[in-house]
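What follows is a pair of complexes built around subunit A, which joins subunit B in one and subunit C in the other.
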Partner chain A sequence: MNGKPKIGVYVCHCGTNIAGVVNVEEVVQFASTLPDVVVARNYSYMCSDPGQALITDDIEKFGLNRVVVASCSPRMHEPTFRKTLLSGGLNPYFLEMANIREQCSWVHEDPIAATEKAKRIVEAAVVKARRLEALDVKEVDVEPACLIIGAGIAGIQAALDIADAGFKVYLVEKSPTVGGHMAQLDKTFPTLDCSACILTPKMVDVANHPNIELMTYSQVEEISGYIGNFEVKVRKKSRFVDMDKCTGCGACAEVCRMAGRIPNEFDEGIGMRGAIYLPFPQAVPAKYTIDKENCLFLSKGKCGESPKCKEACQAEAINFDLQDEIVEFKVGTIIVATGYDVFDARKKPEYAYGVYDNVLTALEFERLVNASGPTGGKIVMLERGKKKKKKEGEEVEPPKVPKSITFIQCVGSRDKSVGNEYCSRVCCMYTAKLAHLAKDKIPDCEVTIFYMDVRAFGKGFEEFYDRVRREGVRYIRGNPSEIFKRGDKLVVKAEDTLTATPLEHETDMVVLSVGLVPRSDNREIIDLLKLSQSSDLFYLEAHPKLRPVDTASDGIFLAGVCQGPKDIPDAVAQAKGAASAAMIPMASGKVKVEAQTSVVNEATCRGCGFCVAVCPYTAIELVEVNRNGWPVKVARVNEALCKGCGACAAACLSGSIQQRSFKDIQILPQIQALGVK
Partner chain B sequence: MVEIEKLREIAREVISREDVRQLIGYRQGTYGFRARPAFVTTPEEVDQLIFSPACVNNLATYLTLEEKLPVPRGQEPDLRKVAVMVKGCDSRALVQQMEEKAYERDRIVVLGIPCTGVVDMDKVEERFPNVLSRGEIAMEGDKFVLSFDGKREEVPKEELLADKCRRCRYPTPLVYDQLLDEEVARFADDDYSDVLELEKRSAEEKWAYWEEKFSRCIRCYSCRNVCPMCYCEDCVLDRLNPQWMRRSVDISENTAYHIARAYHLAGRCIQCGECQRVCPVEIPLMELNRKFYKDVEELYDYEPGTDAEAPPLLATFKVDDREDFIL
Partner chain C sequence: MCAEELDFITKYDLLGCIQCGRCTGGCPVAMRTPLRVRCFMYDTQNEERLEELSERPEIWDCTTCYTCAARCPKGLEPLEVLIGLRSIQIEEGRVQPTVRDALESIFKDGNPWGSPRAKRLDWIKDLEVKILEPEAEETTDVLLFICCTDAYDPRVMKVAQALVKVLQAAEVDFGLIGEDESCCGSEVRRLGEEGLFEMCDEENVELLNSFNVNRIVAISPHCYNTLKKEYHGLKHPVLHYTELVAQLLEDGKLQLKGEIPKVVTYHDPCFLGKQNDIYDEPRYIITRIPGVEFREFDRCRERSLCCEGGGGKMWVESESKEERLAEIRVTDAKELGAEVIAVACPFCLLTLEDATKVKGIEEEMRVADILELLAEAL
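Let's turn to the complex of A and B:
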């Protein structure tokens, strides 16, 4: 088959997409004069069934051994035509695509010049086709297990789906409990389901599922390998509490000398906890954790006479000698579901967050209205940073209830000044929900929302927005410029842009509807898995429309907000999508790996390792070989890992590493054909 | 200035070691002022070693230039160390070579020469025509002392110093096993005034300038062969299949050759200036290399050949890398 090339050239009209600008007849005429071309044809839709049949018929009739399709981008239809070659009995890598649509007809208006350019592109493809080589498509086995990083609602859902299908799941969560941000929420829009009621059963399920190995308070430290065969190393951080013995009774937390002195992360710092703590009562696992930075005994070496928690624990679960544990296992697929951070409102200093006690973020307000929150669901004015000293017999003044609450939308979203151009998609609706809850809990409270636009695009959203307005929540269109204090009132300075009226709005409490941003520790996962980011810095999916849960790396999938802001139903839907995508290779048990991999000429490789450093897939390593009796280091490619991106070939100074189908010897004639004649 | 006796004594000790196969240093050249590389394998040969301001060659080149002949069957390859004498600038070539994994640190013994500067032979020739082939040169304090035809000429150091020394940031070697003299404090810095001057020209002026320079090139490849960073087993420019560049000496191919070489040196050139020194047709190659060097320093705060542990610049990517120059 590698004998004298016999090339067929197929020029596609793509309806009028190509033929409307390029004279395809003329291109066919030209192509038939090129060396080694035995047949050239055109057809209205080459990708259609009859179009493909033209190719397979010609393979038989003319004994073609190379095929050039002049049509769209290879990203669009290269897989289609490779299958055509395969069904015609040819190695699929004897196909060369000439892109005369995106790179020609779509970007040019002058038919004569466009036709000339199309000829050049076709000629370049033909000369490259003459030098194409047959490539083998290899298969590798897939370990029937999945690693899921992050146990928020997306990670939990994906874990349950995959485990229910009968595959092993390793669910790794950084914090001491599963649940993620959803566990912090009170009600969910627009149906007002209680978040805990719908989430906690799933939390319990992941803990109890026989196919799920749950690792909380744990972090993935290393991942190597490739689809089907990832080697994972996880650090289970020491809780200093024996997980098997702890009954979750809470006696330890009550007596901790630090009790009530450390801001509880789960309560967004509004509530307090001790050094030994359970983030919230429904936490899973219901086991206590000692925070070693704050524990007096672990950080200072001394906690009174002896640590009180240890004395209080009847189960004798507390053990200050416990060490981190490293666990290693193998998986076939990985789902990243690491979630998000909320926008740091301090980056908008005009809103005085962190300056005035009663300027809150929405997530803090969420904890305030939540029945399991630090106030038991009572909305009260905050006095931050003040330690309550209770003296015996002293009456503690009950906290004040706000008479007016003002929300500001789009804080950190749709705002180029803080570098976030995108809409966070949930703030409009969660603001409406929180406004509703405020009205519900304090009926005489005056609730105002400043907004830019209200985007109520989902199922039941517009109806809910309408309901909230009818409940007496006042919407003012305008983006406030400043928040300051006048007496004991906060003043929101803004312009009502619908009436062009500047106004100063007095209020007791301001809630900033902060947007969703990529996690501050996003980098850790990027470094582990070499993920790409989109311009908003969320993880990048493989294709925005057709591969929304895949990444550029085979076997690694995305679920939830780590890929971009979305609400709970969307996160769950994507998690189910990711679970389903991850199960495909696990169910089939085998995957095909890229055939257009790099190949090293070991005789000329000088072992500098530039290719090793640039490889985004850690597919290349330096190995020692014997060269004429001398031990020398040369690069070696793990073909199962190589994705054929070509970065190594570009970095190599001596041209010793080449990418199959894009070897210098194949692309130089192509460049010459395109160049000045 | 290094004392010759001390240098020879240390060299003798080193070459007597069982684990050292060869020592690369300098010896008197055949003619006059010139010094040339010396390849010493026995203690007896050590007495030919010298160091003077005429020792301009960058000996690091020879570490990678040495051809590894096939080892006859039944024999073991000679893996003993090679000792090499390096000035500050030359030592950066070692660092960069090690950064690129050309060899391991324990494969070499480095004899560091804290350097007060070397002489530019072209400047000597200009000042004292036709004497290069006879006489001697030495450095005394701030002066070069030239002795020829029974005369003794003292010239202020500044006037004959090589350009690279006038902007040398690293006079004391950055890597060494033994220093042959006291450390030399930095006595110069690089303000890139020459590059800034070049940058001021219009694209047309630059093109005309380089067209004239490159049109002289005879493709002798001396610049590549002397370069300590050009050590591929098989240079891509020598390949015939595919032939990226023809061997014909014309302006198009010459330009392609020099641009390709400059790109291959981006983030790697350590400014020893050997390419320009050996060019028989006086192409100012360092102007090209220095433009890249300046860009690399400004864009990435990176100086090649200063940190053997650093990853090679152009083989790494950081999210916060500058990319505003990408069109």
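Let's turn to the complex of A and C:
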């Protein structure tokens, strides 16, 4: 169909977005005078049904074989108009878009000059359209399996949805148990559902689902391939406990020589564990793990006469010779659900976290109020770092109960001084929740919340905030500046900004409502999957409104807080979104791959490898070919991996690698038409 | 006066303020004076009120300790708004006589203490110190920048003398500017006298650049801060003496043989700690003095309490009847069981020593600059 070009030009008003500045009639008039242009029209919204119908009608009526749409950036509507061409019976790559909105009407005010510029842009598009070629859209098969990285509530929910739909799921979790942060929480706002009651059934489900292969204490080491066909390599770290034999009885942990001496990560360090441990009683899988850094036998080669755990284990599950295991498998899609870290409160030294025992983070306080936490849910004053071993006959004083608890909101959020400009979205509500729990457990406790704004935007949030205030929790508007000590009281230095009164507020315990931040080990995943980050350093979605669970790479999706702070309902909603997005290619079984890929002219390629070095998708390799009897190296493109970014074509010194639809013979005349010599 | 309003709003980025209150919350003088710096961030957005606001006595209560700015989540510097308001008063010539005298003395004699230039070197007494020649052929390693207070105040002078002894013991190649040395202008800028500060900046940069030295070492954190962060075009690197001395100790160039068997605590000067993050060097030095038992204030490092000596407060009398911060500080030191409060700033030395007298504990509580302790331990 590469006969003599017959071009149709369609100039869009985009309401007043374009027509408010550019004289579209004049542009149409001008376009109709260009060589090979058979018809030129304008319309209020080209992307609308009637707008698209103009194009299909003209294809039939005038036998058009090239189409130029002068409208917005191709980013949004190039796919729309390609489909239009297809339905009109044309190869979709005979479309050229002229961006007269972002590159013209939105950035200029003078209508005359803007109209002139629009004409140039349209002419350049027409010049290029004349040289366009038809391209074939190839399809590849999709492996009907999904890799999910991270088993917090987001990863768990996505795994269950996909597995229930009948696809295979590989769920990889770094820590010894699934559950993520939600498993650490006591009750959840605003409904005060018990977190464990709604989460643990799902944790058990992912472990038992016939379609889910759960790999805990595991890490993804390598990923290669592309949508439909990713090759994955996972390291299952040795627990030194035979998973098949361990019954989870816990006899080992009781006798471990390190028992009660290692801060338990799950309890945020306010509870202790041994070197062999289960993070918490409801952990899934309910199998013990030996932490080799702290195990005397594994780190020092000697544990007393012999390791006590081994003697205690009736099931003979403990085996110090167990090695890491590497498993490899293939998946069609990937969901990243790696969650977050809480803000490190030490970065705000004015709050003296780490200096005073009873300045806590909110996550520590969650463990303190949690019935399955280290104090059995009793809120008590902490004595950190002190050995609780009592001497023979010595009376141990029962821990003190705080008479006043003070919360400080926005610690590490909305704060440029620590580089976090964003709002963490959950702290206002979890603070209200924790204040309520404190009041509930210690009714005569004086509970105060220092805040700068209360953002109660979600369903049931404002009602909950109202309830907590009426329960007698005192809200003081002012973000505290400093904490110091006076006698055995903590002093919170702040200003009550509603009355302009500086305060030295005395209290027994301070809880810092720390924000949510990107995980410190995110680099691993970014490097594996080439993910982008937004300015807040969370993973970047493909479009903030319309593609919130997609990434820039096809077949890779995001769920939960790894994409940005959110609460459990939002994390679950996004997980369900990511699951359904991942199931689209798996259900159809095939995906189209980029057609505007690069091609190498092997006759002129010098084999220098510049293109190999610049390709961000590792789509190019050097291969040996026979040239006139001599073995030479030339570049070769794996079209399934090529995303058509064009980096290679720009880097190639001899012009031997060219990107389809952006070949030199297509874009150089286009550039010339813009007036560049 | 639209231009002025625009100026205030843009100059101090007032629209960036979210009225969170961290500035007033951290302000050390808020509890004892009517100063509410947050309110100024809001009120000064109204151009018509600038004149009236500049007449509020509490704008002179600010010690320019910088806590408000260090704590601001939006990266604003509320204290600068107060300095801006002071400027309005200064421009209109409405200042307290003590402030006027100090500023005039700087203009005339290069120091705020009303003393003649000719007496600038009197503190040296019989010490032998090289006086640097401008444009000398030979490079001298260190130029010592002596604060006016160290040069003229009979008490603080001893600190400068101690510095000379310590550097000589460590065989450091150093020299002084001599009589041409002038006030750095730190307090000038903070009193709101912008024009005079520009003069200090220009003249001192020209003078300092004329010396063939590797680096400048300032004895006062106030001079250090101004030379390092507020001057334009200074070509030599600037250090505070604690940085140099800590390095000398670490390199084994300074040997301490004497003992000081005392319980010592350290008071962080705002201009060294909060404003320049120098927390470790002073502690490193103190804990290397033989015999010293070091105890930390509860309010230390980033949470240290201002002594109220800065921001021109040496020349502005406070109306407040509340206990002065320096008095709180020496009482805290006493409760801590300290016998010596070590400082690294001439203003802290004066305010804290004065407070021991007000509290009647001058016999049991010594206030000394780190340099004095070092000189005794040589």
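Keep in mind that, in the parts below, the second predicted complex is superposed on the first by the 667 of 677 C-alpha atoms of A that agree within 3 Å, B and C clash if a C-alpha of one lies under 4 Å from a C-alpha of the other, contacts with A are read in each partner's own complex, and residues count from 1 in each chain.
Following the convention adopted for this analysis, a residue touches a chain if its C-beta (ideal position, glycine included) is under 8 Å from a C-beta of that chain, and two chains touch if they have at least 3 such contacts.
Since we're looking at a predicted model, the values are computed, not measured.
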item	value
Subunit B versus subunit C as contact partner of A:Ser417, first or second or both or neither	second
Which superposed partner A:Lys493 touches (first subunit B, second subunit C, both, neither)	second
Subunit B versus subunit C as contact partner of A:Thr604, first or second or both or neither	first
First, second, both or neither for A:Leu622, with subunit B first and subunit C second	first
Partner chain in contact with A:Glu482 - subunit B first, subunit C second, else both or neither	second
First, second, both or neither for A:Pro50, with subunit B first and subunit C second	neither
First, second, both or neither for A:Ala613, with subunit B first and subunit C second	first
Which superposed partner A:Pro399 touches (first subunit B, second subunit C, both, neither)	neither
Common ground on subunit A, meaning residues reached by subunit C in one complex and by subunit B in the other	none
Residues of subunit A defined as touching subunit B within the complex	523, 533, 603-611, 613-614, 622, 627-631, 633, 651, 653-656, 664-665, 668-669
In the complex, subunit A residues that touch subunit C	349-350, 352, 410, 414-417, 452-453, 477-485, 493-497, 500, 502-504
Interface residues, subunit C side, partner subunit A - complex	18-27, 30-31, 36, 38-39, 67, 70-75, 298-299, 301-303
Residues on subunit B engaged by subunit A in the complex (per definition of touch)	68-72, 75, 77, 79, 100-102, 231-236, 239, 241-244, 264, 311-312, 314-317, 319
